[in-house]
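Each of the next two complexes has chain A plus one more chain, namely chain B in the first and chain C in the second.
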Partner chain A sequence: MTTFIWVAIIIIVLSIVGLVYRLVKGPTPSDRVVALDAIGVALICLVGLFSIIVDTSFFLDIILLLAILSFIGTIAFSKYIEKGDIITRDNSR
Partner chain B sequence: MKTNDVIMQFTAKLVFFIIFFFAVHLFFAGHYTPGGGFVGGLVTASAIVLLIIAFDLKTVQTILPINYINMVAIGLILALGTAAFSMFTGKPFFTHYYDYFNLPILGKTSLHTAALFDLGVYLVVVGVTMTIIQTIGEDE
Partner chain C sequence: MTILANILIIFFISLGVLFLVVAAIGLFRLPDLYTRAHAASKSATLGVMSILLGVFFHFWLMENHFNPTILLGVLFLFITGPVGGHIMSRSSYIAGVKPWAGTVRDDLKPEIERMKKEQNIK
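On to the complex of A and B.
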């Protein structure tokens, strides 16, 4: 069982390396934003697997917290790409 | 160009309550599990930031009419008052009290005055974070 978990961790780390390549190389800002979002999802998987290895349930709050922060960060970046500013003062005018 | 972001606004309305109740859970779970006032305050502030990003500053100020600078003052008064209360009964500064109570719905619970101090920390963190974000966002 432990060998299986370590193999899964190695596969996820390799996928993070591929995403970092896309983050550095990506031609447009949208590629980099999608790569950052996917890196957040891969980090969620890593925290879950490590919480199995060290046999504790105290890391499960961190998974939800990482998902929330990744979601808000992706929305902020995409609003910046679309409208040019993140926080607008008055949307109706 | 007039853009239509109805999916983002509807998702923000739903996800705001999920994040806010998760923050309340983090705040009350801080005594026995990881969490506490600081993380709960930051998660609450990020929920309000999600509303500000999906809508705009004026709408959020209309639906949540909170003066965040007064919120910082109330939090500091609450933390200092909890710490200074034991000085008037002859105990040292920052002495906490706890006891077990039989509440109507929750049953036997232990109430601790450290929760009041943590509520002060929560209000200060939410107030400071939202003051910074609103001040930067209003800048043209």
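On to the complex of A and C.
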């Protein structure tokens, strides 16, 4: 079982290397944001598998935290790419 | 019973690893931002949900520790993964990223032009 988890971790790390290639090379900034989002998702998987290996359940709160931070980062980057700023000024007041 | 639980955990984790590798190959090989966002949002979301289900079953069946935080994380990723991909590709279309040269039809373009015209009149 431990060997299986290690093999899964190694395969996920290799796929993270493939995502880092897209993060370095990607022609537009949007490509890099999509690759960062996928890297965050793969990092969540690594935290889950690593908590199986070290046999504690203290790391499992990090999963929800990483998911929320990755979503907020993607939304902020996409608002910046679309409009040029993240928090828009309210002109109606 | 332990063998059955092991089979369940190994099935879920290997399914998730397979989908993550498919997402990485898709981001490596596909020609265009929109196809890459398609691969990343769908396949990576399904992969991480399946791996987290495997981790949840491991802690529940092996260690008798029911952890609802993982289920909450699965639900959150199921909601926010496709929403993030959609908002990212929509904002990059508005910012002017061109689709792939072999694209046949573009239904969003007349809609965006109509929206810009209405905003200029108003």
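Worth pointing out:
Note that in this section the second predicted complex is superposed on the first by the 90 of 93 C-alpha atoms of A that agree within 3 Å, B and C clash if a C-alpha of one lies under 4 Å from a C-alpha of the other, contacts with A are read in each partner's own complex, and residues count from 1 in each chain.
Everything below uses one rule, namely that a contact is a pair of C-beta atoms (placed from the backbone, for glycine too) under 8 Å apart; a residue touches a chain by one contact, two chains touch by 3 or more.
Here the structure is a predicted model, which is why all the values come from computation and not from measurement.
Once the two structures are superposed, chain B and chain C can be ranked by residues of chain A touched, with C on top.
Look at A:A42: by the touch rule set out above, it reaches chain C but stays clear of chain B. Touch criterion met: A:A76 reaches chain B, while chain C stays clear of it. Within the superposed three-chain model, A:I87 lies in touch with chain B and out of touch with chain C [touch as defined at top]. Contact with both chain B and chain C is seen for A:L64 once the two complexes are overlaid on the shared chain. Residues 61, 64, 68, 71, 75, 79, 82 of chain A lie at the contact with chain B in one complex and at the contact with chain C in the other. Those residues of chain B that touch chain A in the complex are listed here as 3, 8, 15, 19, 22, 26, 33-35, 39, 43, 46, 49-50, 52-59, 133, 136-138, 140.
In the complex of the two chains, the chain A residues touching chain C come out as 1, 4-5, 8, 11-12, 15-16, 18-19, 21-22, 28, 30-31, 33-35, 37-38, 41-42, 44-45, 48-49, 51-52, 57, 60-61, 63-64, 67-68, 70-71, 74-75, 77-79, 81-82.
Chain A makes touch with chain B in their complex at residues 58, 61, 64-65, 68-69, 71-72, 75-76, 79, 82-83, 86-91. Per the touch definition, chain C reaches chain A in the complex via residues 6, 9-10, 13-14, 16-17, 20-21, 23-25, 27-28, 33, 36-37, 40-41, 44-45, 47-48, 51-52, 54-55, 58-59, 63, 65, 67, 69-70, 72-73, 76-77, 80-81, 83-85, 87-92, 94-95, 97.
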